[in-house]
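Okay, so chain A shows up in both of these, paired with chain B first and chain C after.
This part shows the complex of A and B:
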C-alpha cells in the first residue's frame, strides 16, 4: 500500500510528517521530492545501492537531411533544425523523451537515441532491527523534470508493504506522478492563508484523480482555517501537531519528530491505518 | 534585404512587440522598399515552453537576412546564431520608425 504525503505549499511539514510516520509505523520511506530530497536527515539510512536513472534523447547521424520534420512535429519545441547551415539542435531541457522525432523521421537511421543520466536512485535501510527500506530520488542539478526518475522508483515499489511517498511541493507533474501511485493521500496542511490556498489547489488534483484523502494539521495555532476546509470538503482530520518553536529547533538538528511528539504521531498513525484498512505488526 | 520583426499588429503603423516568442504576429519587411512582404500569425503564442525556438525557426524558414526585436532570449540567440541571421534590438516604436532606424544604421546589433 502506498500512502502519499502532499501539501501544495512548500514548508508545511511533508518530510517532517512522512519521516515521523515511517519511523512510528515501520513503513518504507520513499523520498520522491527528487529536486530536493532531505528525508535522509531524519531517518539516518544506510545506503547500499545507488543506480543511475537514464532517459533517451535524440541525436542526428550523417544520414540526416535536415528536412526539419522532427522539429515541426515536436510537441515540446525541443528541436530546431537549420537546413542551410546543417544544424540539428536539441534543447534537452524541453525534451520529454517521447521518441516522436524518431517515429516521424522519413529517413532510416537519421536520428538515433542516446541515453542521458538525469539523476540517481539511492536505496538502503533505515531501521537495522526491522530492515525497513529507504529510497530516495536525487535529480541532477540543472535537470528540469524529475518525472522519469519518479516513474522508475514507482516501478520498484513493493505493493504488499506499506510505503510512505514523500512528494515535492506544488501540484505539477512530479506531484501528479506521486498521487498516481497512491492508494491513500495525506494532505500536510499549514493553517495559514497561503497554506490553505495551495492546499485547495492540490486537493482539487487529488479529487480529480479520485483518491481517498485525509488531513494532518501541522503548526496548529488554534485557528479554524483548516478545520473549516475539512468540514467544507468532507476531509477527515487525522490529527494535529502544535506550532512550537522546539519542533523547529529539533528539525534543524535532524531529530525525527516521532521522538518528540510520539503521542501525536501514534494518534495520527492509528487514524491513518484505520482509514486505509492496512494492518501491520 | 529581408528582415523579420515581432509586431503587435500586422501593419507598418504597429508597435514592435517586446516579447519576441510571444508576439501576436511576425512580419517580413523588404528593407529596400520598406513594404511588408509577408505577415505570419504566431500560432505558438500560448504554448507553455519553447516559443522562442519556434519563432526563431519561423525566421529561419523565411530565409531572412536579419531579425529585429526588443530583446531575445538565450534559445532564440542560439538558433539565429546557428543560422547565421543578424539580430538587432530596438526600443518599442512603430515599425516605420524602426525601418528608418535600420536604414540609418541606428539599431544595435546583437553579437
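This part shows the complex of A and C:
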C-alpha cells in the first residue's frame, strides 16, 4: 500500500510528517521530492545502493540526411536541423525522451538513442533492527524534470508493504506522478491563508484523480481555517500538531518529530491505518 | 529603453518565507511591475488584493484522444508510449490525460488514424492592478503540464508591461524546487535573492539552488529567515556565503507575529508589532537601492 503526503505549499511539514510516520509505524520511506530530497536528514539511513536514472536522448548517425522531419515534428522544440550546414542540434533540457524523432525518421538507423543520467536513486535501510527500506530520488542540478526518476522509483515499489511517499510541493507533474501511485493521500496542511489556498489546489487534483484522502493540521495556532476546509470538503482530520518554536528548533537539528510528539504521531498513525484498512505488525 | 531589471526571489526549499519577503518588498519598492511565477501554488495575490484588468487563457500542448470507432485495438500506441499514458480498459485503449505529454508519437504510429490531438487549456494568466503597482500572475490547472512555459509567459508579459509603462524594475516571487519552473524563472533574472532558513534541510537545498542559479550568472544574495531557531547553522550559512562571496542581506528572527499578520493578509512592514523584522527587510531594500544608483 502506498500512502502519499502532499501539501501544495512548501514548508508545511510534508517531510516532517512522512519521516515521523515511517518511523512510528515502520513503513518504508520513499523520498519523491527529487528536486530537494531531505528525508534522509531525519531517518539517518544506511545507503547500500546508488544507481543512475537514465533517459534516452537522440543522436544522429552518418546516415542522417538532415531532412529536418524530426525537428519539425518534435513537440518540445528540442531539435534543430540545418540542411545546408549539415547540423543536427539537440537542446537536451527540452527533450522529453518520447522517442518520436526516431519513429518519424524516414531513413533507417539515421537516429540512435543514447542514454543520459538525470540523477540518482539511492536506497538502503533506516532501521537496522527491522530492515525498513529507505529510497530517495536525487535530481541532478540543472535537470528540469524529475518525472522519469519518479516513474523508475514507482516501478520498484513493493505493493504488499506499506510505503510512505514524500512529495514535492506544488500541484504540477512531479506531484501528479506521486498521487498516481497512491492508494491513500495525506494532506499536510498549514492553517494560514497561503497554506489553505495551495491545499485547495492540490486537493482539486486529488479529487480529480479519485483518491481517498485525510488531513493532518500542522502548526496549529487555534484558528479554524483548516477545520472549516475539512467540514466543507468532507475530509477527515487525522490529527493536529501545534505551532511551537521548540518543534521548529528541533526540526532545524533534524530530530525526528516522532521523538518529540510520539503520542500525537501514534494517534495519527492509528487513524491513518484505520482509514486505509492496512494491518501491520 | 533598456531591459528592465529582474529581481527574483527563490529558496529551493519551500516554506522558508519567499512570499513574505517578496510581498514586503512589493510594498516598499517605489516603481516596479510585480510578477508571481509560482504558478502551481501562487500565493502573492493574497497579500496584494489585486483587481483584475485582463484574463487570458493559456493553452498547453495538445493531448492525444482515441476515437474508439476507428480503433482496431492493435495496441501499437500502448506499447510505444514512453509515458505509460495509454491504458487498456475493457478491451478499449484510453489515454490517461494526466500522463499524456502530448508528444504525438501515438498519433504518428496509429495505422488506422484513430488518434486525434486536442488542444487543452493548461491554465490562465492575469494582468491586475494593485495599490503597489501592476501585477502579472497565473494559475496552472491542477496537474497540468507546461508549468515552465506558463512561467515564461508570465515573465514575458511582466516585461512587456514594464516596457510599456516605462518601469525599470520587475519584482518576481518564484517557485520552490530546482526543476523547470525555477529554471524558467531564472532565465533573464538580474538579481536573485535566496530566502533560506538555518535547518539541515534548508542548507542542503540552499546549496542546490545556488548550483542551479549560478548557471544563469545573475547577482546572487541571501536572506536568512528564522535565523535564531538555530544560531549554529545560521553561522554556517554566514561562513558559507562569505567563502563564496555571496552577500547576506538580512537575518530575520523567528517571530509568531509574521504568522499572525499573515492571518490578516498583512506583511510585517505594515505593522509596528515587529520592528526587528522591519529593520531587516529594509536592509534588503537598501541593498537593492544601492545597486539602483550604480
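Just so it is clear, the second predicted complex is superposed on the first by the 281 of 281 C-alpha atoms of A that agree within 3 Å, B and C clash if a C-alpha of one lies under 4 Å from a C-alpha of the other, contacts with A are read in each partner's own complex, and residues count from 1 in each chain.
The criterion applied here is as follows: contacts are C-beta pairs under 8 Å (C-beta built on N, C-alpha and C of every residue); 3 or more make two chains touch, one makes a residue touch a chain.
Remember, it's a predicted structure, so these values are computed and weren't measured experimentally.
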First, second, both or neither for A:172, with chain B first and chain C second: second
Chain B versus chain C as contact partner of A:71, first or second or both or neither: first
Which superposed partner A:50 touches (first chain B, second chain C, both, neither): neither
First, second, both or neither for A:223, with chain B first and chain C second: second
Contact breadth on chain A, by residue count: chain C or chain B: C
Chain B versus chain C as contact partner of A:156, first or second or both or neither: neither
First, second, both or neither for A:91, with chain B first and chain C second: first
Chain B versus chain C as contact partner of A:180, first or second or both or neither: second
Chain A residues contacted in one complex by chain B, in the other by chain C: 76
Chain A - residues contacting chain B, complex: 68, 71, 76-82, 84-85, 87, 89, 91, 94
Of chain B, residues touching chain A in the complex: 44, 47, 49-51, 53-54, 56-57, 60-61, 63, 75, 78-79, 82-84
In the complex with chain C, residue positions of chain A that touch it: 8-12, 15, 33, 35-36, 38, 41, 73, 75-76, 93, 96-100, 103-104, 139, 141-146, 151, 168-176, 180, 190, 192-194, 197-198, 201-202, 204-205, 208-209, 219, 221, 223, 243, 245, 248-249, 251-254
In the complex, chain C residues that touch chain A: 11-16, 19, 38, 40-43, 46, 61, 80, 82-84, 98-99, 101-105, 108-109, 140, 142-145, 147-148, 175-181, 183, 197-202, 204-205, 208, 211-212, 215, 226, 229-230, 233, 254, 256, 259, 262-263, 265
